[in-house]
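Order as written gives the chain letters A, B, C, D and E; numbering starts at 1 within each chain.
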Amino acid sequence: MLFARVVGNVVSTQKEEKLVGRKLLLVQPAEPKGAAKAATPLVAVDAVGAGEGELVLIVQGSSARQTARTEGTPVDCAIIAIVDSVELGGKSVFSKKQDPGE
Amino acid sequence: MLFARVVGNVVSTQKEEKLVGRKLLLVQPAEPKGAAKAATPLVAVDAVGAGEGELVLIVQGSSARQTARTEGTPVDCAIIAIVDSVELGGKSVFSKKQDPGE
Amino acid sequence: MLFARVVGNVVSTQKEEKLVGRKLLLVQPAEPKGAAKAATPLVAVDAVGAGEGELVLIVQGSSARQTARTEGTPVDCAIIAIVDSVELGGKSVFSKKQDPGE
Amino acid sequence: MLFARVVGNVVSTQKEEKLVGRKLLLVQPAEPKGAAKAATPLVAVDAVGAGEGELVLIVQGSSARQTARTEGTPVDCAIIAIVDSVELGGKSVFSKKQDPGE
Amino acid sequence: MLFARVVGNVVSTQKEEKLVGRKLLLVQPAEPKGAAKAATPLVAVDAVGAGEGELVLIVQGSSARQTARTEGTPVDCAIIAIVDSVELGGKSVFSKKQDPGE
């Protein structure tokens, strides 16, 4: 799984029917500390009720279809966790409570 | 899922039999704002009736086979949504109505 | 799917038993116009009777196992179409009839 | 499979329900000799009881779901072995006993 | 499939139980001519009895689980063929008989 920031959303009325009702969020790949990486944002289906600005974990490939919201759908990226805190090398490097957001 | 522009098509008469009748479109990876990325175009099967110049979402890998048009076929890239609008950081960065096309 | 040129072949007598009888072709990733890309060639199983020098489409990952020739085999790359023509931005950029080959 | 060092962990209370009870570890891609690679850490589910600082093997994609701890879960990266020793070109290049850790 | 050289091995006593008895080989991605590529070695399960120094073909992702030795295991890279010879552009560029090894 990779870290990403929820940075926006995508609206599509003409989409594959299995995607109807799925929230398409724009996620920016990020570092464990929460900083954005220099990469093009991806589009992910939200499986956990993530909000804009939050640091989340995304899962890619067939594993993105292993959630109640994505099973059997043509989805290759899903948000599967909202990050509370990250510890790296014995130190806390991210805490949701002290996170200023994206 | 990734953003891409429909930029052309591929004709093939000698293809794997499960692909007969599938429209093979040329798609150029793009940024959320709709601008083309510097990358080689991919070939995708269209699952939503996308037209040339439109900004779409593509899905890759096994998930590309989870549409009515691609189930059980040797396809690793499919168009699964036509993008109406994209919001990034609270601002609208793409709107199909104001899109000049590729 | 990606464009590739058939540029050679690989002979292996000691291989996984499910691969016995499968033709292993060397394919060079290519641009939609047919020019070779600067990349290491891949080895693909041929599912459509492609010949050396031809521009083809390759499929990767689990989707490479969705052909009659590759079902259930340890194969992650297959040739699933021979390209007749490519249209990009409204113009013909590749035609098999006028193709000088690799 | 790839080499990685366990360098930390991630806490998430709001996560996909199938992930409840799974330990989310931060792993840094590494060289066979155990040195860290210049890459963003990944988040992996631990299937073998790995401890911080240990050199491990990670598996990615759908294969990450083939362990007792990850079956059917939205997980695309799992730790499946703790490395005791690595031999490269006939020489021992890593030994857990002499490893100073990350 | 990709070319790789068998360059070593990995020993692990604490591993996912489905991996018990599987030989973990260190493989270096290579060019069709057999020369090593500048890339980090991967760890692959051997499905064909490959020996150190040999040029082999590796398969990645879920397809790595389609061999008798890897079925149902958390493995994303397997050796599925030992290369006898490679022909590129009509010329022999690799022959096992004349191969000096890695």
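Observations on the model:
Here, contacts are C-beta pairs under 8 Å (C-beta built on N, C-alpha and C of every residue); 3 or more make two chains touch, one makes a residue touch a chain.
What you see is a predicted model; the values in this text were computed from it and never measured.
Listing every chain that touches chain B and chain C alike gives an empty result. Centre-to-centre, using mean CA coordinates, chain A is 21 Å away from chain D.
One finds 34 Å separating the Cα centroids of chain C and chain D. Of all residues in chain A, those touching 2 or more other chains are 61-62, 64-65, listed in ascending order.
Circular chain order, beginning with chain D and continuing to chain E, reads D, E, C, B, A (contacts as defined at the top).
Listed in rising order, the residues of chain B touching chain A in the complex are 1-3, 29, 31-32, 37, 47-49, 57, 59-68, 70, 78, 80-90, 93. Against chain A, the residues of chain D that register as touching in their complex are 7-19, 24, 26, 40-44, 52, 61-62, 64-65, 72-77, 102.
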